[in-house]
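Have a look at the structure below, then the notes.
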Amino acid sequence: MTTLMFRDALRQALREEMQRDPRVFVLGEDIGRYGGAYAVTKGLLEEFGPRRVIDTPMSEGTIVGAAVGAAMVGGRPVAEIMYVDFMAYAMDQLVNQAAKIHYMFGGQINVPMVLRTQQGTGRGAGAQHSQSLEAWFTHVPGLKVIAPAIPADAKGLLKSAIRDGNPIVFLEHKGLYALKGEVPDEEYLTPIGVARVARAGDDLTLISYSRGVHVALEAADELARAGIQAEVLDLRTLKPLDIDALIASVRRTRRVVIVHEATLTGGLGAEIAARLSEALFGRLLAPVQRVAAFDVPLPANSRLEKLIVPDAARVVQAARAVLNFSPQETIS
Amino acid sequence: MTRIRLFEERTLEVLMQGKLASTMCHVSIGQEAVAAGVCMAMQPQDYLTSTHRGHGHLIARGGDLARMMAELMGKATGYCKGRGGSMHITDMALGHLGANGIVGGHIGIAVGAGLWSSLSQNRAVTMCLFGDGAVTEGVFHEAMNMAAVFRLPVVFVCENNQYAMSLPWSKSTPAVDFKTRAAAYALPGVDVDGQDVAAVYQAACAAADRARRGDGPTLIGAHTYRFFGHSRGDPSAYRDPEEEKRWRARDPLPLFKARALAEGWLDEDAIVRIETEARQAIDAAVAAAEAAPPAADSVAFEDVYAPSGAQQLIDKAVSA
Amino acid sequence: MTTLMFRDALRQALREEMQRDPRVFVLGEDIGRYGGAYAVTKGLLEEFGPRRVIDTPMSEGTIVGAAVGAAMVGGRPVAEIMYVDFMAYAMDQLVNQAAKIHYMFGGQINVPMVLRTQQGTGRGAGAQHSQSLEAWFTHVPGLKVIAPAIPADAKGLLKSAIRDGNPIVFLEHKGLYALKGEVPDEEYLTPIGVARVARAGDDLTLISYSRGVHVALEAADELARAGIQAEVLDLRTLKPLDIDALIASVRRTRRVVIVHEATLTGGLGAEIAARLSEALFGRLLAPVQRVAAFDVPLPANSRLEKLIVPDAARVVQAARAVLNFSPQETIS
Amino acid sequence: MTRIRLFEERTLEVLMQGKLASTMCHVSIGQEAVAAGVCMAMQPQDYLTSTHRGHGHLIARGGDLARMMAELMGKATGYCKGRGGSMHITDMALGHLGANGIVGGHIGIAVGAGLWSSLSQNRAVTMCLFGDGAVTEGVFHEAMNMAAVFRLPVVFVCENNQYAMSLPWSKSTPAVDFKTRAAAYALPGVDVDGQDVAAVYQAACAAADRARRGDGPTLIGAHTYRFFGHSRGDPSAYRDPEEEKRWRARDPLPLFKARALAEGWLDEDAIVRIETEARQAIDAAVAAAEAAPPAADSVAFEDVYAPSGAQQLIDKAVSA
């Protein structure tokens, strides 16, 4: 095991896959000489040269489109879009093209590409640079969506994504790049579609992903101080959802809080809540609670920004509500 | 060209008979010389991207008429298992990277194919065909620019049939020739008579040669006309009948026939033979398609994802 | 009352608003001489001239962008995007611009625009021309989203949308344009944000919108033949959601099925299910059921297409499951 | 220009002191002549759209320095209630339609403002400023084309500071002058020395006049340089120090000062006065901003929607 920062773990994954497979290459804005806006690709240009580390013009749509085309004819592109917000320029290439090509053309071809992008709050970057848009992608059949929370998964999942053979949206969180964690020394792959128990517990389940996992863990620590043992599940893969793992945990704890940084309405939490409420109808001791960003855009003001997205205090509050829930309140 | 014309005519018949699986169908009658001229300039390893009006492109590339017709009819033997319909008929084995229903949606894909050709040095050229409507979409610009910056082996061919649905070319964009348009990307641009298959062929060959030499992309504007409406149910009320007449007088088929006879490329016998063979091929294709079983219900639910991590499948990607 | 087709009701709304307010104009592809791909704007060019009925080049992003800009400086644009699928080219202008401008600039300005577009199945139009993407829009703070089911609402809601003063996504369904219905003769507005009882009933609630309402009504007819009275609620506005009306109905019926044509995972049904499950925890007699399109792209084959999207039979089946639900099954 | 320079320098100071509300901040030192030249050519009824590097544009348009500084610091008195930060400082009352964080995101908005000017004949011209990075985004092309087709009163000004973050202009797009780029849309294009405020002003006036006459858009390429990194924490390692030196030798402020003295536009006294006044104004702005209360928590939750159907508010839109 070595302690690595999240961004370094990602870079290791890219390096290893580029060394393993000459078809793997990366492309995007400012990923070469600059090393990436968040320094993930730093040094790759020097190591692999400009044919495999490609600084593109500012053209998000065609960065994604080019990745799709290259993937179709034998390449294994890993495209970087600097902020997920800019995916608004490239939804056609991702959704109407990448996600549908395998199906639309009768399975004749597939699109083995990875789209890395970065999202979330934490820098007071404002309404156009802080969104969390995973729900757009998880709604699209044909895509897989990954959002790791810790360096080890960042590495293992990125490697798996590169080998998967389907178009994959790989969501990093701007607030996690400097996070440190243990990463195995030997080569490994983290399976896509399998959730992780970030902390075991029996009193309730906190479900999250990406930076939300750390918010949940912080809340769990606080709950533990009050003698409450929360289980924290890290989805890791958002699509396909490891619903069985979620159901298994909640069947046991019978209480659940979902945490995410995307806005509440129509966030991924809605899907999870809908499924758990259905699968565990009559088994739950309290309604599923969602702690998400309030339904507003994000201010370019770090202090105000914090008021909108979930923090540990809100998660604790929701957890207490779930724990103290008395059914009489709603049965009428 | 004859095959394309006859296939499209038969498609309209089949459509009228209510035998198509989808309501979406766009035929290319009048534009055959572009498809033929461009595809004749291609080598086996080359790639092609195509549009919603793409039957001709695939036929010119050597597509199987029976599988095409079967696809139109939603049959199990169709190129896309009866699931893609007219707008997406595609044969990846021919390096045909897909007929696309999003105007301009495939232009980025062509850049990607060109990028991989450039990186892997597979000597393939990508022919990117699109309509005049696509020229005003943002992706056209991004793709031209990126291909130019990286000197990718892509030939951009605008099949300018004068209309994007009801919008005439003159209202779509200012009157600028393709040479001037290409100059904005420091690329060569050519305007060619899209009714003259020899002219299209020559321009496409020159562009493909340039691309193969590593000198980068070319933009070709092939000026042509669709003889029918945009799609079924479009009477083209927005067009001047005089204009239609003028263009119909320049039907690429008789133009070629006359030229071929005059130049001695073909004699009358050969022409009759070509036409007869084409007709037979299409009759056979329709018969085969009609006889084929419809797509099974299960087909609706298949192929959403490729088997994960399946290296074989990944390698099945049209390989370099 | 006059009987009108859905498309004619929409056209009346446009005409009346254009007559009322000289700032109202329409723009889009093939909306003038062609009269619109689905003939909604037929005749408007002749009546209002090319300065108010603007045939644009094919540039979806800039059609929406131009509507945003015109709205900011005094116009009341109604932009048409021919198929919602093409919104994948225009998400930046809608989401990063229109939806955020009022907030981002401190409320200095607003964006009174309507984006009409058309979605759904029914024509075997394939994966790139048949999607239902409302969940992308309902997830975005700052947008309102409307999806009428009947001609009277089509007219009344479009008029309200034009006067609202916020960016509004107005979703029509390609399968409804020829639908006939009664439309009041006098001028009227239909309020945004208020659901409609399409059919009253006490045994269970069917919730839907757009074409799904008609599927639900068909199912309700069939259920009625078996003596079951289903209430059918038509959301009409998808954002903001008239959650109070939904809760009130389901509090009474205690059983609910949600129907929509968008794919299941991450569809609007998830949000509704999550909210109802929470609000009516302990009150529901069966888990909330969702009947939605299966999570696959759509085939360009009318017969296969029908297998993917909800029909009355599937709704009836879900309704029966809800009615026959015995809680013992899941409590363990 | 002096005000812009001093404001930006002070912004960097305030940033270093950790007083900015957001981590996003892009200063325009070195590029002042473009902002000044363009905005001087504007009439009161005109519109302006701006970018992530937009402080100079608003100052040149007459923006209130105290409200700008307050916005940077996240204060209640800021232009956007302390919620927009550096990247979105905007004064709609000045016809400034927003500084935009999406590269190219405002170009369509400029077309819309121009469209409404054309429809309502309000005689306003829209000045659309964007960086060289925006030129390769699809929206640039769509907007140029649509503005050209409808002959809209929009002036497109590319503030070409030679870099889009780390990407040099030469790798962003082929070496083509703006005249050639504009020709692709049958529009006039001008390349102008962006360090020479008089040259920018002349080009902008000519373009604005043309637009106001109803003759349609112009594309101006104003060639300039950012003297600092893209944003804080960017040491510009990708740039050649020699290149930086060459450009710094063409600092627009001393260039203008020398010219103004030589031509007798200003004397030394006037220059000192201008500088002193600017410095005082900025000191006052910083002081006012520092003294202002921070944005209230509730501000985070306000203004998601305009009051529905509120005709007053709608009419409050920058009116024609």
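By written order: A, B, C and D. Residues from 1 in each chain.
As a convention for this text, a residue touches a chain if its C-beta (ideal position, glycine included) is under 8 Å from a C-beta of that chain, and two chains touch if they have at least 3 such contacts.
Predicted model only: the values in this text are computed from it and were never measured.
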Comparison of A-D and C-D (more C-beta pairs in contact): C-D
Farthest chain relative to chain B (centres taken as mean CA coordinates): D
Chain C and chain D, separation of their C-alpha mean positions in angstrom: 39
Distance between chain centroids, defined by C-alpha means - chain B, chain D (Å): 44
Whole-Å gap separating chain B and chain C, where each centre is the average of the chain's CA atoms: 36
Multi-partner residues of chain C (each touching 2 or more other chains): 57, 59, 61-62, 85-86, 88-89, 92, 96, 103-104, 126-128, 141-142, 295-297, 300
Residues of chain D engaged with two or more neighbouring chains: 82-84, 88, 100-102, 105, 136-139, 142, 145-146, 149, 171-173, 304
Graph class of chain-chain contacts, one of line, ring, star, complete, other: complete
Contact set on chain A toward chain D in their complex: 29-30, 32-34, 37, 55, 57-62, 85-86, 88-89, 123-129, 294-297, 299-305, 307-308
Touching residues (chain side chain C, partner chain D) in the complex: 23, 25, 27, 51-52, 54, 56-57, 59, 61-62, 64-77, 92-93, 96-97, 101-110, 112, 141-142, 144, 160, 163-166, 192
Complex contacts: residues of chain B adjacent to chain C: 21-24, 74, 82-88, 100-105, 133-134, 136-139, 164-167, 171-173, 237-238, 294-295, 297, 299-301, 304
Chain C partner contacts - residues on chain A that touch it in the complex: 61, 85-89, 91-92, 94-96, 99-100, 103-104, 126-128, 133, 135-136, 138-142, 239, 241, 251, 262-263, 265-271, 273-274, 277-284, 286-290, 295-297, 300, 327, 330-332
Contact set on chain B toward chain D in their complex: 136-142, 145-146, 148-149, 171-176, 180-181, 183-187
